[in-house]
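Two complexes follow with chain A in common, the first pairing it with chain B and the second with chain C.
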Partner chain A sequence: MLAPKSLQLGAQAIKGLSRVSHFSKFVAPATIPCVQDGELYSTTATSSADGGNEEKEKISVTFVDKDGEETQIKVPIGMSMLEAAHQNDIELEGACEGSLACSTCHVIVMDVEHYNKLEEPTDEENDMLDLAFGLTETSRLGCQVIAKPELDGLRLALPAATRNFAVDGFKPKPH
Partner chain B sequence: MAVFRAMFSRTFSAATSPSLRVCVVGSGPAGFYTAEKMLKAHEEAEVDVIDRLPTPFGLVRSGVAPDHPETKIVINQFSRVAHNERCSFFGNVSLGSSVSLSELRQIYHVVVLAYGAESDRVLGIPGEDLSGVHSAREFVWWYNGHPDLSQLAPDLKNTDTAIVLGQGNVALDVARILLRPPSELATTDIASHALAALKESSIRKVYLVGRRGPVQAACTAKELREILAIKDLYVNIKQDDLQITSADEEEMKNSRIRRRVYDLLSKASSSGQTHPSSGQPELHFTFFRKPDKFLESSDKSGHVAGVKFEKTTLKASAGSGNQIAAGTGQYEDLKCGLVLKSIGYKSIPVDGLPFDHSKGVVPNIRGRVVSSYDVGQPVDGLYVCGWLKRGPTGIIATNLYDADETVASISEDIKKKDPASEFASGREGLLQLLENRKINVVTFSDWEKIDFEEKRLGSLIGKPREKLTNWKDLLAK
Partner chain C sequence: MASKIMASTVRRTLPHIRPLSTAAGISIKGVKISGRPLYLDMQATSPVDPRVLDAMLPYFISQYGNPHSRTHLYGWESDQAVEAARAQVASLIHASPKEIIFTSGATESNNISVKGVMRFYNENKKHVITTQTEHKCVLDSCRHLQQQGFDVTYLPVKPDGLIDLNELRNSIRSDTGLVSVMAVNNEIGVIQPMEEIGRICMEFGVPFHTDAAQALGKIRVDVNKWNVSLMSLSGHKVYGPKGVGALYMRRRPRIRVEPQMNGGGQERGVRSGTVATPLVVGMGAACEIAMKEMEYDAKRVVKLKDRLLNGIRTRLDGVMVNGSMERRYAGNLNLSFAYVEGESLLMGLKEVAVSTGSACTSASLEPSYVLRALGVDDDMAHTSVRFGIGRFTTEEEVDKVVELTVNQVKKLREMSPLYEMVKEGIDYKSVQWAQH
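And then the complex of A and B:
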């Protein structure tokens, strides 16, 4: 946990690489349509002549995985956190691929202020959250959290993380 | 033989031969999540998933209701696991008859049993074997085209009333299938024999009966919201049943699901008509009734004509904070021509497997099979996951955490004692044995042919898939 950020990120990148090479079939773009959409989007963004605009179109989101490791990614405005996680090899499940029929993309919004900036969950999302493992007051489904400018700096914990943290004696930071 | 040769050459063409041979028994969510997590955690592992059916995915195929296609999308993820070069699926391989547990344990370093719960709890009351009394599992397997029950042919024509015992999601599923306009089911992957029978069905009144009250109903909000939204449905929930005690309030305070389900029931009770119009489909939530005996028809011998219920009241139970139903000595009969018992599934043990008959699960500590809870000594290399491990409750996602736990136990054990030091013939050994026994193994690519054919047949009649529902057709591929 005390390793310099750069080292952590390095390890993350290597982990990510090995995962891709061994499990390329799990993340084959052809089988996850949302990834394709995302690629289309980013292609447009990079081809834009104005580099400043490109930055404005993305927000920074940090995922805290089940081992407590943090991964910061850039998420284009309009993209769901489930799609963004999958594009960046973050291990967020998405059993129903964003069709609001499961609770596997459950994320915990770590900052109440960010949570309050989200639209209220629909009845359908609440029905699924009822069944989410380790539900908290600021739980949401990753497929329903859509990137928008106000959410820049969003921090999302994967629920297994809270379980392991508890074992390690970790106490979440008070908000 | 072709299968054997193909598998044999594929394995040996890999750069490094696998040093950890794993067999997962059962290809439902528990089996596939276990396989996925094993493959991720152990690069040296080769994982074979076997299933007694020619088709994979367990309850996602034969349990999830046909009008819940979104829930079945997880099949995409399981198919990606099956396509992993270190993973294989072998269908039509039955633990106990094709291969014994002790043989599997000799062939593989690690065996994970994830074959679920393929039987039913029984009430143990008179009349349970009358015709017209089925378990909800049988009815579900029937409408989902499970090859073991495609011949069930429940009689839906000689009665207008069905009683469903239980108020969990399976109970709501079967009630919804009985009450939904068949035209809405015609575009789902429901088995064609079931669709035909439902089109001819005369059942228009369904009682969902629970031993306890609306606060204890075991369903979830999604399924409840869905059944309440059936077109032109008359819903009856007695206002008196909705009165709650402080103990009920306590239960709701501790459970968001219970609170939301109760709110939905309350709303449904106060809105809507006070009386059904003639011919309108009716759904009656009947609380505080415990089945006492099934009543036999006087004019149709051997057939059910109703259920005798004992009225109940809630009592605090020692130990858990939940309340239990206690009989009051007052009885009430309800007439019907069909009963579906939705009171829980039960796992079936196999030879050589420790089994806790009272709980209906395999005794285990975090997925490690133990000879019994008292002894606590793990059985070497044998693990469980899913319903066989923790009982028949929860949703598909529950298996994610369940598989995590079992795979973590396997990993710890491997660290302590490297299984690769011992020879295990693994995939080649299994396929050789099945070949010798002339078992017609169905591989994942064989399944993909079935899948293709089912989708093709479905596309001809506007269904996502027309399931092959008998063994002969499934094994012809």
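And then the complex of A and C:
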């Protein structure tokens, strides 16, 4: 129980760090590169150059949207899926910005094995998941799925809509 | 002009309906009765306890806000009342308030449980186990699921109305998604072995749903001792208002359902729609009263039941009690009188409000499927009458019912050719009847 908690704390720390660097336009530390909108290419060039080091710090995650279109991105260890999606302009709404107060970052883990590798959702996460649109047995909140090495190759399906549904197709931008 | 308006107003305010009761008695649907019948049909519904009505009234007239209105006092006070009622219902079944969802009744709760659970887990789980003596809403939901490709096993019951635990164990498959067994049967009053069923379900990891509409407030209901994942509750069986019920959904381990009512996500997304504050407050008050008075009510009901049964048995023979005598809720007495047809007995007992079988099956002409499941012979299945005793039943009522029943049964038996044959020693079962 303690080990994953420390991982979470570490993740929070790293997240905070990256946010600060984003706003004040500091030179980002080498361990947390900002992935731009080149979805397919990202930082593969630099990672291969650095050899083993870069590979350990990023895992490959594929987002499948409701039309079946796949987007593969690299997610640094310790970053949540919600943040990774926002950085890569993937359409994952995060109305409460990862504070466990909504169900809009709902993702469906496509492989049961990967789902089992994730930690048990807390009661608070389960409460929010109960409200999610299109809930399945392998659903999780994207802001609570933190990248770790065992999840390499994770495939996440995006549900057709969220609880903040707008039938005219309006998609709120991440804030 | 003014006088014309006044005249028409006066005409409009005078009652146009012919009064129901006159000095000579009540006449309704072509039947004449000397007065309002004695109510012994507590399983069909129960009168609202005056204390419950007191709790409900303010929420109709002065505190009428929508509990989901978040911006003003009316909404906040309604929400507070709903949450207080939720806690009252939860404490009666030893659950947490977060696990209670308010619905429109036990039928809706049963629908959500059976169809909702199976549809949510339908990728891997295709099998449901239930019993043959369940309430119609559970059986109909199961039949509906069968139409959609699910498998349903309807467990038979032993002659005493209880299920065979070994049969249950043997019916569980790897793809069983739900076991649904009602706690107290509405027609015969038997109490199923809930703790043992819960243990079997826990062993196999199968969610356990129970329809506890008749059990709430009458026997001790404990969701943890019974290991239930889902429980349906009804307001109007515990001296609360009609039109409200609740669904208990376990949080650890979490059970999920596909909602049957879609909308704004009220009640944790399980049951969208404005929560009816007065009805919910009524159900909460009824549960609180039941918690305080359950023990006393139970003792009183047992005494009244003994009075009724002994009163009838000392004066009549050929009286059978349907269902187990040991594992039974005393307030439900289902009796079969040999050689007397149930419907004709009821027609003769116009001053007593009882029923044969359950209210929801009374429209069909077939004898109750619950009695058929007990293995009761066809001739006996038609003879059953269900007496329901409750919190407001008095000893005088019971004595009067005994008198009326005994007289009516004797009268009908005089007329019965079967009874004559039996008295002469002929075994009517061996007779070759001329017609069908």
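As a convention for this text, the second predicted complex is superposed on the first by the 109 of 175 C-alpha atoms of A that agree within 3 Å, B and C clash if a C-alpha of one lies under 4 Å from a C-alpha of the other, contacts with A are read in each partner's own complex, and residues count from 1 in each chain.
By definition in this document, a contact is a pair of C-beta atoms (placed from the backbone, for glycine too) under 8 Å apart; a residue touches a chain by one contact, two chains touch by 3 or more.
All of these numbers come straight from a predicted model, not from anything done at the bench.
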| item | value |
| --- | --- |
| First, second, both or neither for A:E137, with chain B first and chain C second | second |
| Contacts of A:D152 with chain B and chain C, given as first, second, both or neither | neither |
| First (chain B), second (chain C), both or neither touched by A:D111 | neither |
| First (chain B), second (chain C), both or neither touched by A:E93 | first |
| Contacts of A:D123 with chain B and chain C, given as first, second, both or neither | both |
| Partner chain in contact with A:C102 - chain B first, chain C second, else both or neither | first |
| Most chain A residues touched (candidates chain B, chain C) | B |
| Chain B versus chain C as contact partner of A:E69, first or second or both or neither | neither |
| Interface residues of chain A shared between complexes with chain B and chain C | 123, 126-127, 130-132, 135 |
| Touching residues (chain side chain A, partner chain C) in the complex | 123, 126-127, 130-132, 135, 137, 163 |
| Chain B residues within the chain A interface of the complex | 39-40, 43, 68, 70-71, 73-74, 76-77, 80-81, 83-85, 220-222, 225, 256-257, 260, 395-398, 400-401, 404 |
| Of all residues in chain A, those that touch chain B in their complex | 19, 22-23, 25-26, 28, 31, 93, 95-97, 99-104, 123-124, 126-128, 130-133, 135, 160 |
| Residues of chain C that touch chain A when the two form their complex | 98, 120-121, 123, 251-252, 254, 256, 265, 268-270 |
